[in-house]
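So, here's a batch of structures to check.
First chain A sits with chain B, and in the next complex the same chain sits with chain C.
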Partner chain A sequence: MSVLAHRLREPSVIPGFGITLGVTLTALSLVVLIPLSALFLKAAGLGFSDFIATAFDSRAMAAYGLSFGAALVAALVNLFFGTLVAWVLVRYRFAGKRILDALIDLPFALPTAVAGIALTTLFAPNGAFGSVLEPLGIKVAFTRLGVILAMIFIGLPFVVRSVQPVLEDLESEVEEAAASLGASRLQTLWLVVLPSLLPALISGFALAFARAVGEYGSIIFIAGNMPGQTEIAPLLIIIKLEQYNYAGATAIASVMLIISFVLLFVINRLQHWRQSRMEGR
Partner chain B sequence: MSLRLSTASLTLALLLGFAPSVKADATLLNVSYDPTRELYQDFNAAFARHWKDKTGEVVTVNQSHGGAGKQARAVIDGLEADVVTLALAYDIDAISEKAGLLPKDWQKRLAHNSSPYTSTIVFLVRKGNPKALKDWSDLVKPGVQVITPNPKTSGGARWNYLAAWGYAQKQNGNDQAKAQDSSKALYANVPVLDTGARGSTNTFVQRGIGDVLLAWENEAFLALDEIGRDKVEIVLPSLSILAEPPVTVVDKVVDKHGTRKQAEAYLNYLYSKEGQEIAAKHFYRPRDPEVLKRLGARFPSLTLITIDEAFGGWQKAQKTHFEDGGIFDAITRK
Partner chain C sequence: MQLDIQNVSKRFGTFQALRDVSLSIDSGELVALLGPSGSGKTTLLRIIAGLETPDSGQVLFEGENVSDLSARHRQVGFVFQHYALFRHMTVFENVAFGLRVRKQRPSKGTIEAKVRELLHLVQLESMGDRYPSQLSGGQRQRVALARALAIEPRVLLLDEPFGALDAQVRKELRRWLRRLHDEMGITGVFVTHDQEEALEVADRVVVTHRGGIEQVGSPAEIYDHPATPFIYQFLGNVNRLSVRLHQGAARIGGLAFPAGGFENAQDLPGIAFVRPHDLGISAEGTEGIPVSLRHAVVIGPTVRLELEGPDHLTLEAELSRSAFDALKAHPGQALWARPESVRAFLEEGER
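And then the complex of A and B:
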């Protein structure tokens, strides 16, 4: 065992590799791996042709499309606004800054059902915002736009909290140097600030995206939940469960998990590849 | 210090829902569906009084509410319900079938198909009925928005769906293809599919979406009281369905808890005069002819079809209409 452990790791001066890795693997297995393998095991009980029929019928495909598509849009919006919020919080001093800073985390703490009901109340055709938007022909509640809105709400803190600390650590001397070498403000932003922020941006984006894909509580209130149109994949899972179709529910869950894992893995590799390229330069 | 401690523990006890002075000799858990909250709050208190008078024993009944499908699944997955009082027989069948907690013929154990009260499906429309919606045939017209929950997740929604189907079936001389066409047209008019009956009521009432809400009669009456008769009104279609929400003791659980005596008495008390009166007060139609006569003025009579004669029972209806790949999937597929 110790021979194997020695072979698998690079020599380190810090002791305790065996025990920390052991605890990590045990905890990870109990909390993450075992429940997930149970999921795949249950889905496997369905048999190949039934699995394909359940997991890839047109209704399920529409639900994946909505869940992943809307999550992508929401994460992109959050990427932009989240970065802007982080920028404002780090770079400027103004009254109420601390309160604003604390507000950012609220979507983390708020029960998602509350968020969903609040957003629906505001954006329903008779709500405060909805009644203004309705005459303009813009419908938010009970449409795909509503789904995206809920996802933006719950995902915003992830980008802000990923970008903020990196931005704080960014030394202003670097920007001053760029300026004194004749770079315009836009050039400084684009060529100096942005590249240093990129890893934080990517991980914030990935977190917001993953959170949005899995979101259920707030979306079912604001989406119309119409099959094929505004039905998110997690709702389809719940529907299968309520029909006592456990295997069908796990089939859809497995597909979601695999897509999510592949996407997050790609994002992770992208990050890695970029970093090694930077270091090699 | 000790005062503060006792205040704290009292607060805690209250928060947890226990009154510290009452010591319960027996506790029952009644797992029910969405709109029966108010009914069972009242009934539980009445039963506790009755049981105390009769036996001297203090019985506490805890309630759990939610969509009928979800509730049945919770019992199957191990929620220890002494009694279940659900929206339709199919969900209790599922408990019997999947978990074996009660015998297959459970529905024969109590009178009236084990349904101490009944209800039906009615329309709730905006005040003055601006779109003149009088019957099921008006709901399929273009431009009418119908609010009903998803029959895959809501028991009430299944009754809604079947009532509409029953009407179309009758109009078209039992032609199933035509019934399917009008069902398709009806669901094309549905802008939001909530997961439960209460969700749909909220969509219609709070969000102001839709021209008509298909609702349990008791939910419709409740909505009248909650939001006022000046905002909405009830319309009775020419034909609807007799909804029989059944009740039963969960045998394996009561035998484990030793609460069979109390659980059976609890359900039987639903059939008593007081139980029937409470049901009527909460807008469920009582079975007792005397109570119905005395308090039944609010329940207008209308033609009611039953699930057994129109659809050949729940098992068959479920299989044909609501299972994956059934007719509901076909008509909502784009």
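And then the complex of A and C:
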């Protein structure tokens, strides 16, 4: 055991490796790992061919495509607007800044169903925005666009809160140095500021993406939930559960989990690589 | 490049950082802006660079008004106290930055050759692939300098360039900067609050105080003839005496020294400054200030005496080793201190 422990870690003067790792693994097991393995176990009860048939039928495939595709689009949109919001909050002083800052977190606190109902009311064909957009041929409510919109709403705070502290710590001297070397504002932004923010941008993107993939409450109100069209994967799971098809529900959940894990792992590595380059490790 | 600053003022909120400052810097000169923090020296440097806009007044490069030119177009090299290197770029990329962002971007080969040449100049040839976080403070500052020199600046501006470095590295970089300046002949202005640094490195020293210029002169002039009580005290290592100013003379302990500008004074209170090495010490005599020796410290070839005078006055004197030995003084002994030259000011004039 002690030999194993020695192989697992580098010698360090920081005490408490054993106990902190122990507590971490126990907590992680109880809260995350055991429920997840129970999920896979349940799905495994289905048998291989049944699993494939349930998890990869055309309705499920469409749901995965919508869930991950819309989440990707929403996270990209959030990446842009979230960074912009963080920039405004950090760089400028204006009346009501503190209120705006506090408003950013609302999507965190709001029950997502409330958000869904509010968005649907606004964007329904007879709603305040919907009645304007509809004659222009833009349908939001009960379409994929609505799904993306709801995902943007719930994902925005993640990007803002990831980028904001890093932007605050960025020395203005670095930008002044770039300017004195002859760089334009755009060049400074692109070559100096954004690369410094990249690790924060990646983690904000990852969080917003993960949140959007898992989102359920707000989307089901605005999506319309037409199978194969605007039906997200989490909803499909609920439908299976309501039909007492527990194995089918867990099969779809397993697929979602694996895809999410792979994507988040890749993003995480990407961020780590970027960060380590900057810190020269 | 000839650099002129004309009647520049700058205010931050209620704080007057610069008031009506004018200064001319000759082509090829290395000038130190010396002053305590808050004296406006950094603000002045930033105004020259275009990083700060003056409220009034103008900055001329070679006679041409550049006040409305942004920092980007002034072609000045600016070195920051905390280096301000681009952390996500290698040393090579940092130095190449100024060349790569140019409108007419030089060819890859030209950039490569130029960067190599600069890295050679700052003695960091082998460090091109490192990231700033892998370098020591002194190396980072040299990268910052190479980066600033890459754009072939019209003037090189350095803001407390050695402030964040430890004493040894600081001394080394100081000499090296002086040498570099002599080789390149570039006009340079650096800000410092370290009088030793200013006197050692600069051709000319500009002493700033409370947003204004107190004195401009060569290091020797500044040291030998400080213009104001403030400079005496800021440069340090000086004795301060109370004197009476009377009809063009400063009187102290039965001695009278000529005090120009006070010809009409009638027994006014004044202060006088005497440097330790301008204080003659003798065992016998009747003129001068009666003092007793508190203790003596031998520092190489010189001896520093701490003397106690009347009214809790503490004086410092510096003697050569042989003069001290001839004195045969021991702690507690009564001596006479006789200033050989003093500079007197009116007491109200002291700021």
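We take it that the second predicted complex is superposed on the first by the 273 of 281 C-alpha atoms of A that agree within 3 Å, B and C clash if a C-alpha of one lies under 4 Å from a C-alpha of the other, contacts with A are read in each partner's own complex, and residues count from 1 in each chain.
The working rule: a contact is a pair of C-beta atoms (placed from the backbone, for glycine too) under 8 Å apart; a residue touches a chain by one contact, two chains touch by 3 or more.
All of these numbers come straight from a predicted model, not from anything done at the bench.
J.: Under the superposition described at the top, does placing chain B and chain C together on chain A give a clash or a fit?
T.: With chain A aligned, chain B clears chain C, so fit.
J.: Students often get this wrong, so check: with C-alpha centres, what angle lies at chain A between chain B and chain C, to the nearest 10 degrees?
T.: Here the answer is 150 degrees.
J.: Looking at the overlay, does A:Ile220 come into contact with chain B only (first), chain C only (second), both, or neither?
T.: In the superposed model, A:Ile220 contacts chain B only, not chain C.
J.: Have a look at where A:Gly248 lands relative to chain B and chain C in the superposition and call it first, second, both or neither.
T.: Touch status of A:Gly248: first partner only.
J.: Just chain B (first), just chain C (second), both, or neither: which does A:Leu191 touch?
T.: In the superposition, A:Leu191 contacts chain C only.
J.: Between chain B (first) and chain C (second), which does A:Ser12 come into contact with in this model arrangement: first, second, both, or neither?
T.: Neither partner.
J.: State whether A:Ala177 touches chain B only (first), chain C only (second), both chains, or neither.
T.: Once the two structures are laid over each other on A, A:Ala177 reaches chain C alone.
J.: Have a look at where A:Thr120 lands relative to chain B and chain C in the superposition and call it first, second, both or neither.
T.: A:Thr120: touches chain B, not chain C.
J.: Rounded to whole Å, what minimum CA distance do you find between chain B and chain C in the overlaid structures?
T.: 50
J.: Which of the residues in chain A end up touching chain C in this complex?
T.: 171, 173-174, 176-184, 187, 191-192, 195-196, 198, 277-280
J.: Per the contact definition, I'd like the list of chain A residues that touch chain B in the complex.
T.: That would be residues 54, 58-59, 62, 120-121, 124-127, 141-142, 220, 224-229, 235, 238-245, 248 of chain A.
J.: Please name which positions on chain C make contact with chain A in the complex.
T.: By the definition above, chain C touches chain A via 49-51, 70-78, 80, 82, 84-89, 97-98, 101-102, 130-134, 144, 147-148, 150-151.
J.: Where on chain B is chain A touching in the complex?
T.: Interface residues on the chain B side: 67, 69-70, 73, 76, 94, 98, 150, 152-153, 190-195, 206-209, 322-324, 329, 332-334.
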